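Order of writing sets the chain letters: A, B, C, D and E. Residues in each chain are counted from 1.
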Amino acid sequence: MIIGSGAYRDGVRLPDDPDGSGHQDFEELAAACGVHSDFVWVGLFDPSEEELQTAARAFGIHPLALEDAEASHERPKVDVYDDTLTVVLRPAHYVEATETVEFGQITLMASPKHILVVRHGDAVPLVDLRSRMEKKPEWLAQGPGAVMHAIVDEIVEAYVPVLTGIADDIDEVEETVFSTSRDSPTQRIYDLKREVLEFGKAAVPLADVLGKLRVLNHPVLNDELRRYFADTNDDVRHVVDQITTDRELLSGALEANLTQVSVRQNEDMRKISAWVAILAVPTMIAGIYGMNFEEMPELRSR
Amino acid sequence: MIIGSGAYRDGVRLPDDPDGSGHQDFEELAAACGVHSDFVWVGLFDPSEEELQTAARAFGIHPLALEDAEASHERPKVDVYDDTLTVVLRPAHYVEATETVEFGQITLMASPKHILVVRHGDAVPLVDLRSRMEKKPEWLAQGPGAVMHAIVDEIVEAYVPVLTGIADDIDEVEETVFSTSRDSPTQRIYDLKREVLEFGKAAVPLADVLGKLRVLNHPVLNDELRRYFADTNDDVRHVVDQITTDRELLSGALEANLTQVSVRQNEDMRKISAWVAILAVPTMIAGIYGMNFEEMPELRSR
Amino acid sequence: MIIGSGAYRDGVRLPDDPDGSGHQDFEELAAACGVHSDFVWVGLFDPSEEELQTAARAFGIHPLALEDAEASHERPKVDVYDDTLTVVLRPAHYVEATETVEFGQITLMASPKHILVVRHGDAVPLVDLRSRMEKKPEWLAQGPGAVMHAIVDEIVEAYVPVLTGIADDIDEVEETVFSTSRDSPTQRIYDLKREVLEFGKAAVPLADVLGKLRVLNHPVLNDELRRYFADTNDDVRHVVDQITTDRELLSGALEANLTQVSVRQNEDMRKISAWVAILAVPTMIAGIYGMNFEEMPELRSR
Amino acid sequence: MIIGSGAYRDGVRLPDDPDGSGHQDFEELAAACGVHSDFVWVGLFDPSEEELQTAARAFGIHPLALEDAEASHERPKVDVYDDTLTVVLRPAHYVEATETVEFGQITLMASPKHILVVRHGDAVPLVDLRSRMEKKPEWLAQGPGAVMHAIVDEIVEAYVPVLTGIADDIDEVEETVFSTSRDSPTQRIYDLKREVLEFGKAAVPLADVLGKLRVLNHPVLNDELRRYFADTNDDVRHVVDQITTDRELLSGALEANLTQVSVRQNEDMRKISAWVAILAVPTMIAGIYGMNFEEMPELRSR
Amino acid sequence: MIIGSGAYRDGVRLPDDPDGSGHQDFEELAAACGVHSDFVWVGLFDPSEEELQTAARAFGIHPLALEDAEASHERPKVDVYDDTLTVVLRPAHYVEATETVEFGQITLMASPKHILVVRHGDAVPLVDLRSRMEKKPEWLAQGPGAVMHAIVDEIVEAYVPVLTGIADDIDEVEETVFSTSRDSPTQRIYDLKREVLEFGKAAVPLADVLGKLRVLNHPVLNDELRRYFADTNDDVRHVVDQITTDRELLSGALEANLTQVSVRQNEDMRKISAWVAILAVPTMIAGIYGMNFEEMPELRSR
């Protein structure tokens, strides 16, 4: 499904069709590329294979780039097929209600004349990105590369609340581990570890991707954009550092939790030890003497 | 055993012998190389050493490449011996019934005039690959390199159901770990870990192999094929990421399982603690007083 | 907030305004750059975004460098934007009272004509650095690069007492682990591990930063300064070595602690075992014989 | 002790002295180098320092190479001293009887005119290697490099039965861990881990050595030999992969074993829990009522 | 304190002052450099900062090299300041009595005209090194580089007995872990781990240092010396391998120890289980019947 499209000249959006329906047709969009406009920006959401094929034909996209755009849980990557720069990303979203992280997939295919944005899942909605971009025509005038950076940067920034959500969950788990409560947060720790590992699969390869974009020689990029990709790369590396730390913290929490379980078991053990001692002494005495005393207070009471 | 052979010109298969028996003879196949055809594609299954020797003589293959083709659980690798590009792969197959992974070995030896495919084990049957390839003559026209990529890609794609099978097993194991059941899945976790490690030995070196193929300068490769190998490389790296994650998950599961065993032990301990307390109090009282009360209800009942 | 400013020529501070108020205004400071002075050194503390914007306009700083200067828990890094060399650092400070480590952020933005130092948090106060520097005019005459090195070196040297504080805490924890005390230092170990991981996030990327500064070709640097950055790099690597060791020690301490908990549990177990044995023997005898003896000493005593 | 020597021309062994005693003297052997023969191949076993000195003088070997040839548990390495290519290897041998691995040391010193093979320990006897080599004169005609490769390859191939022996031991250990037997294989696992670590010290640096030999430019090597060293390198990397896997398996086995110990403890705990419950109920009842019933069946029986 | 000094020409020591007091004065020593002698070799032990300053002024040493020579637990490193090659090392010494490892620091500062050796701590006394060197004038004639190599090599060789000491301690610990003794060697294992980590901080960076020295282009080095540094590098890498193995062994020992503690706990548990069962049966019977039997043997005995 096409969820947005526009043709841009000098960073300014050209008027859509008179009937206000936008460019709903790939042929029409492709035709618009480079004729009146500088470039065309098309957004697709969960496209059918047929839609992708049509788009590929219209914009002359390499079959391999097309494969990347399918919802196949691709690894984040950057590739150049002919003159199309393809970037695959995995946006992430922290769901407060379930305290879990959801992942989507976004594929960006950019040539100097167009950029196609294919989204699967709604992990990051990129709300209003197009209209926000359109308010900065001088920036947009740099072409598809500027759009590409804006989207990549938005997705990386959206990792920060995910980190925060996970950090809060780790804090909660730590409190449970070191509380006197007997609830064992083992499963919670394990699930968090799993989530952090999944997050790592989205973020760690992205550092490579941005590392390549900061030095890549491709017509949609320029020195200024490469500098911005370098800056986004710093942010991704910060995310990766935090993920690494989280993993180590959770490993530590798992082990600390095991120790705490043993410590509490120790306490039970000591209680048993005390009871058995209490039990042993009078039993011994009573067993031998107790039942034969003839005079004991209260004995004959009724 | 020769399980398939064909001579191709411009990507189209040349007619076999009039008697329909195909080229059953290496000499005949070798003679066909480059005379009427562009190249010859021969498939061998569990060949005897003698068959391999014959094939090597016929196609002029280096003794070291020949050694690689023997069933010796070779490490995935790529090597160039004279004009023969040799690739060794370890296909994997998930067996639902036993929930285990089986591994085979495939050696590809390609020169511009021929490609020899030697299979051991039946982990990946490459069903119908030849006939599927023959339906795309324009692709097959690229020669032995195209066949090589098709087989490598097929084997890497066949890793995905293995990953899925393992992921399902991990899910099952997690459920057992965190259920209230007292069945300890320790052995299941350990066996899975072992399987994942074995899988890693097949997949991790393959990332190196494809990394080399994407830049290798060799007559059976061209820019387009290198691009396709690069794409397959991305898929392998995704597999490697998942294997790494699985290993960490299983380490976590092993540790979580130990904790759960301790937690359940704690519950038993608390039960004992409770029983001992119950036991201790009346025993003490009874030991001293109990047996000497003269009037107790029901005492004289018969 | 501007917390310090000065214009320097040949390493000597030029007189401030006649009213002694210093250069409180960015325009004024910017105007001073390179007119009468060689360079201007401005220090900002927790600046508002507006202040940063003003400073950026006055000194012609790239928006990306500006972003780095905001208090966003950036990863230590070095970047060159146009002619501005930007270094982000995370100073650390060991707080004796709480036995915790606090982190701040310092961003240095240097061109041949100015250096801007933006601090967030007060982890390292850089006490008197300016006046100490002004006592070495021959060194200061090297320009903004000399100021940059002095600050970086000061921050790295301030890591040493943090290491010492952590080492002392680890010693304390070890003593508790191996004492006969039944206090379990699990949480203390875990918290220390967390602290060391946080510290690592500040120090490990700094080794990269200094590794780049020792070879970077930029107008604010010269061979002598690069040599000094190389020396500071050695210090950072020493800090990183120690952090790595601390992490391994704490992992070992966590595991040793678990063992000690089990050892102590064993002692309880043996006590119970002894008591139960003591309990069992007389109970058996007493149960069968004891209560029916007719003559026992003290039996008829009152 | 000289355990073998021979002078070779065109890959064919020249007749020894008329008295059939071979060349027992280094001077004589050195004199033979390059006069009538192409090269001389001398094997030494546990030589005294004096023997080594004599050999070094005779063949003009650098003192550092000589040091490597002493039995000092050197790390596998390759070095070029003047025109002498020196390779140090650590052969390994699996001893069935004790289920342990033994290590030796072999130093190869080759120039175009001679190869000296110095062995310590008998981990790999290189049985009949000389006579096997002498049956392939066309191969031996390549000179000392061919001998060097044959020995290196033989030692690497001898690693395979060691791997198999260790793999069998791991299988046994796994069976014990997951059996219902109460024998704890902790020490067996630990000893295996130690063995695997020792093996790693022999094999892991060898991958570096062969990686260098496959590209080294030295008169005793040629393209064909380099290709063979490359092939041996693949085998070593396979060994290293397996060692890495074994280490991870043994770590997993150690942890799984701990869990199994706890699981079995749990079973004991539940038994105790059951007994205590059985004990508690009648004791309570009996303690209060039991001993005072006047009419009980069998009470007055004698 | 100057603990030794000498001026050398052609590897032979020049006569000291007529009064036999040696060159006690830095000025005098500096003056001797290159006038009558080829180079001057000065040894300092725990010098005061003033002594260092004087030496630095006399020999023209860079302030950064001077800082390295202070006793500040520097990381092993190599640096070139102007024409001074500076190497910092951390010698180690195994103390039998306490079974601990002690570390010192040695800084070598060499130019073609002099070498200054500054020692802190007495971990390696370098006993008689000067007189041993003076017996090999042909070697000493290579200048300060030869002295530098001799000291570095001596320190690396002194690591071997440390490794042996640690290996013996590990053997002892293993014996305790797997003995039936109930002494838990947890603290011993932990302390050894700590020691091995400390040792790693001395030895691991040294491999880098020697890796640089084997290729460094500096006037005090020549091809022969670089070859010797390469050989020493091999020795350091062997030490590093062993340290890595020791760390893994100790981690394994810590875990094995925990398992053994649990196994022994299991034995106690089974004893308790047996006692409780013994206790339960007669108690039940006795509780109901026992005390009311009228005829029991020995009942009426006095």
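Here, contacts are C-beta pairs under 8 Å (C-beta built on N, C-alpha and C of every residue); 3 or more make two chains touch, one makes a residue touch a chain.
Treat the numbers as computed from the prediction; the structure is a model and nothing was measured.
Traced through touching neighbours, the fewest hops from subunit A to subunit E number 2. Touching subunit B and subunit E together: D.
Separating the centre of subunit C from that of subunit D, both taken as means of CA atoms, is a distance of 45 Å. Centre to centre, using the average C-alpha position, subunit D and subunit E are separated by 28 Å.
Counting partner chains per residue, subunit D shows two or more touched chains at residues 255, 258, 262, 265, 269, 272, 276, 279, 283, 287, 290-291, 293. A ring topology is adopted by the chain contact network, closed into one cycle in which each chain touches exactly two others. Listing every chain once round the ring, from subunit D with subunit E next, yields D, E, C, A, B.
Interface residues of subunit E, counted against subunit D in their complex, comprise 174, 177-178, 227-228, 230-231, 234-235, 237-238, 241-242, 245, 248-249, 252-253, 255-256, 258-260, 262-263, 265-266, 269-270, 272-273, 276-277, 279-280, 283-284, 287-289, 291-295. Listing the residues of subunit E that touch subunit C in their complex gives 64, 67-68, 73-75, 77, 79, 81, 182, 184, 186-187, 189-190, 193-194, 197-198, 200-201, 205, 247, 251, 254-255, 257-258, 261-262, 264-265, 268-269, 271-272, 275-276, 278-279, 282-283, 285-287, 290-291, 293, 296, 298-300, 302.
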